[in-house]
Each structure stands twice: as C-alpha cells, then as structure tokens.
Amino acid sequence: MTEPKQENNTLSLVYQEGQAPREITPDAVSDHVGDPRNFLWIDLASPDSALLAQLGNELDLHELSMEDALTTHQRPKLDEYGEHLFISCKTVELAESGIVQGDLHLFIGRNFIVVIRHHSGLDLARARERLARRQNGFKPERASALYFILDEIIDHYQPTIATMHERFRSLEELLLEGGLEQADLEKLYTIKRELNALRDVIDPMQAVVHELIRMHPEIVSKELKVYFRDVYDHVLRAVSTLDLLRGSASDAMQFHMATLTLRQNEAVQKLAGWGAILAIPTVIFSLYGMNFKTMPELAWTWAYPVVVLGSLAGGILLYRRFKKRGWI
Amino acid sequence: MTEPKQENNTLSLVYQEGQAPREITPDAVSDHVGDPRNFLWIDLASPDSALLAQLGNELDLHELSMEDALTTHQRPKLDEYGEHLFISCKTVELAESGIVQGDLHLFIGRNFIVVIRHHSGLDLARARERLARRQNGFKPERASALYFILDEIIDHYQPTIATMHERFRSLEELLLEGGLEQADLEKLYTIKRELNALRDVIDPMQAVVHELIRMHPEIVSKELKVYFRDVYDHVLRAVSTLDLLRGSASDAMQFHMATLTLRQNEAVQKLAGWGAILAIPTVIFSLYGMNFKTMPELAWTWAYPVVVLGSLAGGILLYRRFKKRGWI
Amino acid sequence: MTEPKQENNTLSLVYQEGQAPREITPDAVSDHVGDPRNFLWIDLASPDSALLAQLGNELDLHELSMEDALTTHQRPKLDEYGEHLFISCKTVELAESGIVQGDLHLFIGRNFIVVIRHHSGLDLARARERLARRQNGFKPERASALYFILDEIIDHYQPTIATMHERFRSLEELLLEGGLEQADLEKLYTIKRELNALRDVIDPMQAVVHELIRMHPEIVSKELKVYFRDVYDHVLRAVSTLDLLRGSASDAMQFHMATLTLRQNEAVQKLAGWGAILAIPTVIFSLYGMNFKTMPELAWTWAYPVVVLGSLAGGILLYRRFKKRGWI
Amino acid sequence: MTEPKQENNTLSLVYQEGQAPREITPDAVSDHVGDPRNFLWIDLASPDSALLAQLGNELDLHELSMEDALTTHQRPKLDEYGEHLFISCKTVELAESGIVQGDLHLFIGRNFIVVIRHHSGLDLARARERLARRQNGFKPERASALYFILDEIIDHYQPTIATMHERFRSLEELLLEGGLEQADLEKLYTIKRELNALRDVIDPMQAVVHELIRMHPEIVSKELKVYFRDVYDHVLRAVSTLDLLRGSASDAMQFHMATLTLRQNEAVQKLAGWGAILAIPTVIFSLYGMNFKTMPELAWTWAYPVVVLGSLAGGILLYRRFKKRGWI
Amino acid sequence: MTEPKQENNTLSLVYQEGQAPREITPDAVSDHVGDPRNFLWIDLASPDSALLAQLGNELDLHELSMEDALTTHQRPKLDEYGEHLFISCKTVELAESGIVQGDLHLFIGRNFIVVIRHHSGLDLARARERLARRQNGFKPERASALYFILDEIIDHYQPTIATMHERFRSLEELLLEGGLEQADLEKLYTIKRELNALRDVIDPMQAVVHELIRMHPEIVSKELKVYFRDVYDHVLRAVSTLDLLRGSASDAMQFHMATLTLRQNEAVQKLAGWGAILAIPTVIFSLYGMNFKTMPELAWTWAYPVVVLGSLAGGILLYRRFKKRGWI
C-alpha cells in the first residue's frame, strides 16, 4: 500500500474486503458508510465547525461530541453516545520552548473511525499501514483501528518521558558530584513543572483504556483483550515512571536548596570566624594607639615585639580552636 | 420568546405544550402545578422565610430542604425528599476584593423547578431561553431544565478559573525570569488561598452530578445521560485544573521563598567577604598606629609604601581566592 | 411542658401516649420499660458504676457497653448489641484554656434512650422539648429522640468551629497586612493544634451517622432518612470546614515563618551593607593614623580634606551601588 | 484456680467440662487433643524448632505456619490453613533504651490454642484466669481464649502509648512556654521515630481483627461479635491516637525548628545592629586619629567634647531608629 | 539430582513421572511438550529474538508476550493470554555502584514454565532442586514451579533491603549522637533515592501475586493457596519495611539539615557576639587615639589603667549578659 498524501488536511480511506485501502473524497463518505462490509478511516486536521457538522450529519454523530471535538482543552476521556463512542486523547511533543500538547479526538462508529487532530504532530501513517497489512488476524475494522491508534499515541509519549528522564538524571548526577550551581535550581523547578503537566495529560488515559476494556466488550473482544491490556500496561508504566520522577525531582530540589543554603551559611560562618580572629589584634593595636601621657609599656624596649607576637599567638590559638570546632 | 424582567426578585413561568412560556403571579403557582402537562419554573432571589414557606406549602416541599434553602453556607449537596429533590450549588465570581461566593438552591419536583438564589450573580436567562427553544429534542420539563441550569453553573466557573490561571501563569513567568520581588510572595499566597476556596466549592459538585446520573434514572433518562455526563466531565476538568494549579502555586511559593533566601544569603556572604578583605589592612594599619617608643620600622624610609602596597597585595590575593570559591 | 430540673444529676422521664412527659424516680424505670407503649428518656451525668450497673440490669444492657459508658476517652463509635445500640459521642466547648471535650454516651433500646454524660456542657433540654412537642409527625420514640440528640450534638460543634474560624481569619488578615509579629506564630500553632483535635473528635461521627443510616433501617425508617441525612450533611460540612481551615493554618504558618525569616535576613543584609560602607573610611583613616616617619601626604595642606571627602565620596558611591542591587 | 508456674518456658493446660484447668506434660498433648470435649492451651516461650516440630506433628500444624512461628520479624497477620488459623501479633514494652518489640504467634485449632512467644513481656495469666472463671457465658474454647488473648495484647499497648503521649505533651507544653532548648529537638525526633515504629506494629492488627470478624464466623459467632468488635475498636483508637500524635510531633518539630532559627537570626540581627551603632563612632574616632599636619579641628578647644558627644548622639539616634524597626 | 550446568545460557529440563529431571536439547522441546504427563522447565539468559521466536512457535506463545520478554524495562505485571500466562518480575542486587536491577520474565503454560532472564544474578538452582525433591506433596508441575520461583525472587529482595536498613540505621545512630557531618547528607539522599527505586520495583509484585491468588484458581489451587499467600505476605512485609524506611530517611534528612543549619547559625551568632564584645574596647581605644590638642584625660596619671580596666569590665559584663541569653 502506498500511503496517500493528506491533502487539504483531510484524508478519507475505505477498506473493503480483499482490497487495498482506497482514498475517497469526503463527499463519498455517506455512499460507503451504509455498507457494513466497508470500513472507513477519516482523518481531519483542525477542521472548521462547518466541515465537522457535515461529517457529523453523514455519520450521525452526537452534537455534544462534535462540540468537544472542536475544542483543544479537553482532558482525555471516553464518552458513550448510543451509536458511537467519543474518545479524547492528548499528544505531547518536546519542542525548544518546552512540552507542546496536541489534541486527538476519535469517533468510533460501527464501521468507521474518525480522527480529529489539533496541533498534534503525531502521524498515524504507521497505524494505517498496520491496518492495511492485516497481520496476526487483525482485520480492518474499528477495534483494530482503535488499538493501532491508541498504541501509537501511548508509544508517542515515550520519547518525551525518556528525554525528561535523561535531563533529570544528568542534573542529579551533577548534584551528587556537587557541581550544581544556584541557577540550576530553576532547571529542576522547570523539570518538575513539566513532569506535572505530563502526568496531568497521561494519567486520565488510564481510565479511558480501562473503561474500554471493562465496559465495551463489543469493541474489545476476548481475542483483542490482551492487546488493549498491553496498551493499558504501557500507560500504567508511563504514569508510574512520571510519578517516580516527580518525587525524585522534589527530593532533588530540596536537597539542592539545602546544599546551597548550607554552603552559603558555611562561607558566612568562616568569614565571621576570620573576622573574630582579626578583631583581637585590632583591639590590642588600638589599645597602644591611645595617646595617654602615662602608658609605661610604650617606653619598654621589647614591648612592641611582645605585643605583635602576642597578638599573632592569640590569633593562631583562636584559629586552632575554631578549626577544631569546624568553624573555619 | 422575550425574556420577562424579574420583578421584585421573583419570576414564575409556566411552560405549556405548544406554547411560549408565560409569566404568572406567584399566587397562580398552585393553580398550574396540579396539571401534569404544565411545567413551572420559579426563580426567587434571596426570598424571606414567609415567601418560601408559602411556596413550600403550595409545592409540598419538605421542611428540612426549606431550612437549607434559606441558608447561605451550604456545601454543594443533593438531598432526596420523597416527592422532590433538593440540590445546593455554589456560584463564584471574581470581584475586586477577591472571589465572591453565591448560593443557588434547586427544588426539582415532578413538574416544576424552583431556583433560590443568594448573592449569586449568575443569570439563568440563557437556560430559560434554551428551555423555551425546545431544540435537540429537549422538552420543557424538569430534566432539561436541570441540565440547562447545571450546565450554566459549571460554565460559570470557567472565567474565574481562567483568570486565576492567567494570574498565576504571569507570576510564574516573572518568577522564572527572576523578576519576582519579595512582595509577590503575598500574591502567590493569596492565589493559593483562593484556589483552595474554589476547589472547596466546586469539588462537591462532582458527587452531586455523579449521584444524579447513578441514582436518579427517573430524571437522568438514557437519552439525557450523555448530557449529564458532559456536565460531569466539565466539573472533573475544573477540579483537575484547580488541583494542578494548587500544586503549582505551592511549588512556585517554595521556589520563590528559596530564591529570595538564597539571594539574601548571597548578599550577606558577599558583604562578609568584603568585610574580611578590608579587615586585613585595618589590622596592619592599626599596628603601625601604635605609639611604642621603639618601633624601628617607623623610621625606615620605604616602610610606608611597603606596608600600603603589601596590604593592597594581600587584599587582592584574598579577593581572588574568594572569587574562586564563589564567596564574593 | 415545663422542663423538670435534673436533680442529683439524674433525670428519668416517661412519655406515654397522649400525655405530657412525666418524671419518674430511677427505681420506677423497670416498672415502665416493660410496656412497649411507654418511651423512657434517662439522663445521667457522670454516674458511678453502681448506679449504671443497676440501670443496666433493669434495661438489660450489655456489660461491654456499660464499661465503655463509664470511660471518657472513647472515640465516637456505634456498637450493636443484639437488643440495643450503644453510641459514643464527643462534645466540644471553648473555654478560656482552650477546647474542652466532653463525652456523651447513648444506649438506644426498643422503647428507651439512656444518655450518659461526662464533663459535657451540652444541655439536651431543647431535644426533650422537641420530643414533647410531637411536631412534624415526630412521635416520642427512640428514632425521634436519637435524631433530636444527634442534631443537638452536631449543632453544638458549630460555635466552636465558628470561633476558631474567626480567630484564624483575623490572624490571617493581620498576616496579609504584614502586621503579624513573631509571637503570633505560636497563636497559629495553637490554632492548628486545636483544629487537629477538633477534627479528631468530629470526623468519626461521620462513620457513626452513616452506619446508622445504612445499617439500621429499624431505627432510621424511610420517613426519617432525610432527617438523619441532614445530620450527616452537617457533620460532613463541619469536617470539610475544619479540613479547609487546617490546610489554611498550615499555609499561613509557613508563609508567616518565611516572611519573618526574610524580614530578619533583610535586616542583617542591610546592616552588613552599612558595615561595608563604613569599613572603607575606617581603613583609610587607620592608614593615616600610622606613625611612620616618612609619610609625605601627612604634610600636604589639602591632604586632610581630600582624604575625608574622598572617603565620603567612596561611601556614597557604594551606597548607591548597594541601593541599586537592593542590598540596603 | 491457682495459676501453675510456667516451667521450662512451657505450659500445657487442659480444660475439661466442669473441671478446673489441669496442667499436663507436653507429651500428653496428643492424648487429650483427640477428645473434642477437651480444650488445650499450650504456651511456649522461644521454643526451638525441634520442640515446635514435635508439637506441630501432634496438632497437625502446617509447615509454613511453623516456619513463621519461629521467626521474630513478622508483621501482624492472619493466615488460614485448612484445619487451623495462624495469627502473628506484636507486643511492645517501654524499656530504658526505648520501645522493645516482642512476637506472639497463635495457632488456633478446633479445640486448642498454641501461644508461641519471643522476647515478649506480656504475661497471659489474666487471660487464662478469665478463661477458667467461665463468666458471662464464656466457655473454655478457642473463641473465648482468642478473645481474651487479643484483648490482653491490645490492652498491653495502652501504657506504652500513654507514656509516649505524656512525654510528647510535656515537651509540647515546654515548647509553648518557650522553654525548649535546641537539644530537645532530638527528643522530638526520637519520639516521632518511636511513634512511627509503634504505628507500624499496631496498624496491621486492624486488618487481622477485621478479617477475623468478617471471614471467620466459625470462630467469631454472633454472640461473640460484640467482644471482637470491642477489640477492633480498641485497635482503631490506638492507631488513631498514634496518628494524631505523629502529626502533632511533626508539627511541633517544625515549629520548634522555626522558633530556634528565628531566635538565632534575631540574635545575629541584634548583634549586627549594635555593630552598626558602634561602627559610627569608630569611624569618627579613626578620623581624628589621623596624623595629618593640617587638621584645624584638632586645635579647637571644644572639638573633643563636640566629637564625643556628637558620636554619642548619632549612636542614640541610630539606636532609636533600629528599635522602632525592631532591628534591635 | 545433580544440577546440570547452564551451557550457552540455555537450560531445558523435562520432569517425567517417577523420574529425576532430565536435560534435553532445545530442539527436543516440541517433542516433549505434547505429552501432558511431562513437565518442562526452560531457562534462557538474555536470548536473542530469533531463539525466542523459535521457542514461542513450539510452545504457542503470544507475540505480545514475546515482545515484552525481550525488553528490560518492564514494570512487574501479569498478563493472561488464553493458553498461557506471562509474568514479568524484577530482581535486585546490591553492587558497589548501587542497586542493580534485573528482569525475570515467566511464561506459564499448561505443562511448561519458561524463564527468561536479563542481567539478573538470581540463580534458580534451589527452585529446581525443590521441584525435583517432590516434598510436601509438591509435584513437578507449573503451580509448584511458579511458587518456588516467586518464593526465590521475593527472598532474593531480602538481603538488599536488609543492607539498606542497616546502612540507614548506622547513619541514624550517628545522627542521634551528633556525629553526622554535612557530607553525610548526601548519603542520606542516596539511600532515600535507592529506597524509592526499590519500592518502585517491589510494590507492583503485590498486585501480581494478588491477581494470581484471586483470579487464577486453575494454578493456585485450594491446597497451594497458603503457599502463595505466604509469598504475598513476604512482598507485603518488604514493601511495608521499605515504606517505613523511606519515611524515616525523609525524617532523618530533615532533622539532619535542620541540625546543620542550627549549628552553623549558632557559630555565626557566637562569633557575632564576640565581635560585639570586642567592638566596645575598639571604640574606646579609638577614642583616645584621637589627636585633639585639648583632651584633658590624656594627661591624667590613672586614665590609662582606668580606661583599660573599664573596657575589660564592660566586656565581661557584656559577656555575662550574652551568656545568659544563650547568645555566646
């Protein structure tokens, strides 16, 4: 199968028994959807409401689900509408500016699947290809299509999570080697923030896949259960990795802040210690800088060296004492 | 339909088959409620107990629910009273002084809905209009009315949440750019406080809508389930957004406090470093300010420049050392 | 009905059909309890074990429940003993020294209710009066009596919670205005401690009332369910208010501590800044306090004003720099 | 009944109908256990594996439960082994060195109970005595014996918890009076640590007793349910007390640390304030200690008092300003 | 039985009734697996995909499970695939560089068990030996094999946990004796980090074993239930020990950080105190170092000793005052 280009952001494919998938015009959708032997795959990128309304009319989609399909701030969820299901998913990608979220909505009807994408960089070509290949007993119908798409979405989370993981681990390594600077605190904060956002996006997918498995045997048949369970396991692992990372990021931030504070305090303490050591000769020297008429020591020949050496000795004594207490 | 003005804070409408809604006087309520083909919408703003008692008598409302309907510090809840349901909701609006909470109580009877409002700025005109329009198979009866009202209430939370979100994000952006001052800590605290209050108000709505869906099939019929599920999803999303924001606000506060502390400590440390650098020449200069008779150096011609330059050199040496350690 | 005085800390009332409640002597309890048409209300304040044992004998109370009824450190709980229920409640009042806890144990038999009070300031006169009034279809029997008592107990929590709320809010207001002193930290700590204690007392009442509603239809009949649900809602609201307050108290404490620390650090930092500014002239002045023979500047006519003004200029320069960095 | 001494760390008793319990030799166990009218109580302190194996053979105990019975680091748990139950409990006592944990394992068979004790100071004499007394309808059989033993174990936790409670309260009182020193932080830490250990030991007992009540009606008969519920309530109360104490200990530690830090900071701040006040005259005095030839003020008659008094006035001014700002 | 060496990282054993286990070549697997009276144990260390694919073909393993068996970053899980189960486990060992994780995947078919190991140091020789011994009614079949393997895996966690426990306890002991240095903070951080990683690996094993017991009676027969319950208890205990340790490590870190900060602050405070004590004579000495013409005290005979002793007395006074306040 050669993958047709998605022109005008729209792609409609019909899968017929024994044939390679064939691209059709959007207008031809209603002609094919009536025949239960056909399976339709429709993929729209950021459609306007008119286009969606027309499609909804042809496929008998529920008004509420169409409203949802146009929005971009959905939490992942699964809604049941008599004749069709509506599933909202989120995709994530790492851009320079941070994590970019996209929306991927799915309508799953008796013999069609509609994919609505908003700002999502996820390409479903591989899913379409697997569907066309008909391997391992997968036939081109909604359940297989849904499995391939979900599998793609969840797999698509991995590189982002892995990069976050790597970033954190390299910071943590530096941290344990004592090489983290104050500015790196911000990096840890940013990582934690993005991990939280990621979890917020991926976590509800657990419930979506779980509900599919538990409540929709008409889609997740006994034979397919293991495949959807596999998807479920992947979501679970992703969330569990994120939770572990989040906890670690919190711990690392606290540890780093504590280390920085202790390091600063230590500097102040050492400087204060040296200040104290120097304060002793300062006092003594000031003493003999006084201009009293009667200061007999001033006239003694050895007074000067005695005072200087005495001060020095006092300073050394103090230095040793502070050293012992760990104050210097 | 032209929306009648709500005079004297009271509005009573009767919806009859095939007719536009008609306003009636409060006295006429009992005349119409007997006919099951009528549907009554009664809206009272801060009624006194006498007015409510009269209405309760006509509509056979339970005494406990009427007590609750007069109070303004209810948690959102759903109570079942044989012939009618009682639902307590909260509305929130953003005023200059912060978030203002209002109460909106609902009595849902067989063929009537009573709305009691206290300090709530939520106008239900749009809900009444949708009810009158009879679109999408919605008939003017309690379930549709309840759906329109709940939908309105939940939608009404959005601008407040969005504003809080925006406020926090702009603070956070400043924070990451290092532009937050100490005074902004208070702003973060206030935001967190208001997010907590918001969550406290919105969270119990989850249980209310969930109970409606699960326990009241006589209202939430199979056809309407998707609509109430949609309301439920919106509450869920609101609470999840608030939770994410609350966590972020906590994190931001901690990060800001840590940054402020580190910044202050850094200043003290640097000043202490300079103090130490200056302490050396002070000691030496005091030394040669002593008035001993016998201080041979004093008479040496080059002693003065040597001492001054020596002190300077010592200071520079110390400066470099501190710089290297990051103490200055 | 005139409420009889509770003499000797004991009050026994018998409610008979169509008659006002009549006080009886403790000895007469066994004469009346046999007739199922009678309802007995027995109220004992801090009884000794002998008195309770006698009563237990007459009413066939279980030994374990009587042991519990004598103790004062029970957690609120509900125990089922074949023929009767035993409910342990806690009352709270605000005294000068803080929150004072009392115990209120209830035995609920087929046609009697026994109230055992320890150090509880809760007067049940209003409950007895409501029982005697027989309004709203309430008959003098165990379910009504239990409802009136529980309602009283839960209502009795409100003033304490409200006072705590008010105390905290006034502290928080001061906090946000920057008017809180270090000593107020202790007040916040004390408030939090008392909120914890309050929650510990009130929270288990949820389970007690819930178990009553769910597991004891022989008491909480279908008609009375709404009343017990109302009590349940009140407990829920009380606990939820306490939880919100506890969270707020924690947040306020943290914010206050952070503010105090930052304020102190700021003072130290400013003082260190001034120290640094003054250290410059000190060094210079010490320099020219040296007694070297050959210090040509000393003889220059303008040296003195130049040095003084130079030091001044240096100080001003430093001051401006520190000001700009926010160090002073 | 006179309680037989537990010689050689072993005690075997047989309870026969209508007779006082009679001590038997370990060898005689198999002779008596066959007769269902007999009830055997066997108590072993730290038995070796040979002794236990022999007993296990006679009583048909499961190999896994015997392995567990020899270990001392079990979490409290209940295991069901066809013919018998195995329950692992923990005892705690307060020694000088802290909390000492002991193990108490129970085998509950049809007509016997075996107690295996390791390092446990709990004496079950009272339980045996209650069993022999046959009061309140308790017959000498496994359910009664189990109840008496569990009751004893749970009661045995009370003094330890009470002592911990008292220790904490006295520390907290000192804390609120401001009398806690830095060294007391360690005491708070130790208390929290021991509270955690205690909770870890007692908390699983909840599940054990709950499982007994819910899953073993063959032991916890309807009549005995109230007694086991009472035990359950006691565990619940113990855990809830521990949880409250743990939370309080955390709060107290945080509060104490904050207070100590603030106190130290305050001292540093005040000392820095005084340093600044003294720095002014130091600068001025150094100024007039310079040796310039041309310093006209030096010759003025009133210069000296003016400078001294001026410095004093400056110091006082600064002092007042710092006092007002709370810096001193 | 002599344990055959695992050559080429592969070991295939066949257990036949009444015979000692016999090693077979991998090719012979398909010859033996057809006879239900045979039981096969196949153990592969880091197989390549070709080898696994061949085996999967012979044993009819599901493609998804084979994919999983090749990966090394699985969370422990149990998957059901019609004819066989797939269980993923983790092993942990303590190396110099920290905790090393290995993977151990299991395929459990009707009459075979396949073990796939990646980087796991766990030797299953003891499990194979127990299987061959046929003690306690264990026959060589999948349930016994699975029990022996799980038992081995869980037991294998113990030394690692015990070592972590010991490391922490020795650090904590030092901490309470005041002997912990700043560098030890990092050790505490590393311990906490490794405890988190350990928990993340072991915790999901709870769900795996629980699902085995609850959902797979075809494997965990009534007779074997106690054995799998025993495994379950061990996992539970391991996780609970880890949780207690993690909490303790957090507490210890906080306590240590607080102690370090307080210690540093104390040093700074004491040094500041001494600075203040020395500042007094410095001021006075500077005073009499001034060069005013008219300073009458300069000429007084006793002025010098009076000033020196006065300064000394002032210093002592201040010292005592600071001592009393705990500032020095």
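A, B, C, D and E label the chains in the order they appear, each numbered from 1.
The rule is simple: a contact is a pair of C-beta atoms (placed from the backbone, for glycine too) under 8 Å apart; a residue touches a chain by one contact, two chains touch by 3 or more.
Just so we're clear, the structure is a prediction, and the values are computed from it rather than from any experiment.
Each chain gets one centre point, the mean of its Cα atoms, and the points for subunit B and subunit D are 41 Å apart.
Once the centre of each chain is set as its mean CA position, subunit B and subunit C turn out to be 25 Å apart. In subunit D, the residues that reach two or more other chains under the touch definition are 261, 265, 268, 272, 275, 279, 282, 286, 289-291, 295. Chain contacts here close into one cycle, and each chain has exactly two touching partners.
Moving round the ring of chains, first from subunit B across to subunit C, one meets them in the order B, C, D, E, A.
By the touch rule above, subunit A contacts subunit B in their complex via residues 62-64, 68, 73-75, 77, 79-82, 182, 185-186, 189-190, 192-193, 196-197, 200, 204, 253, 257, 260-261, 264-265, 267-268, 271-272, 274-275, 278-279, 281-282, 285-286, 288-291, 295, 297-304, 307-308. Interface residues of subunit C facing subunit B in the complex, by the touch rule stated above, are 136, 176, 226-227, 229-230, 233, 236-237, 240, 244, 247-248, 251, 255, 258-259, 261-262, 265-266, 268-269, 272-273, 275-276, 279-280, 282-283, 286-287, 289-295, 325, 327.
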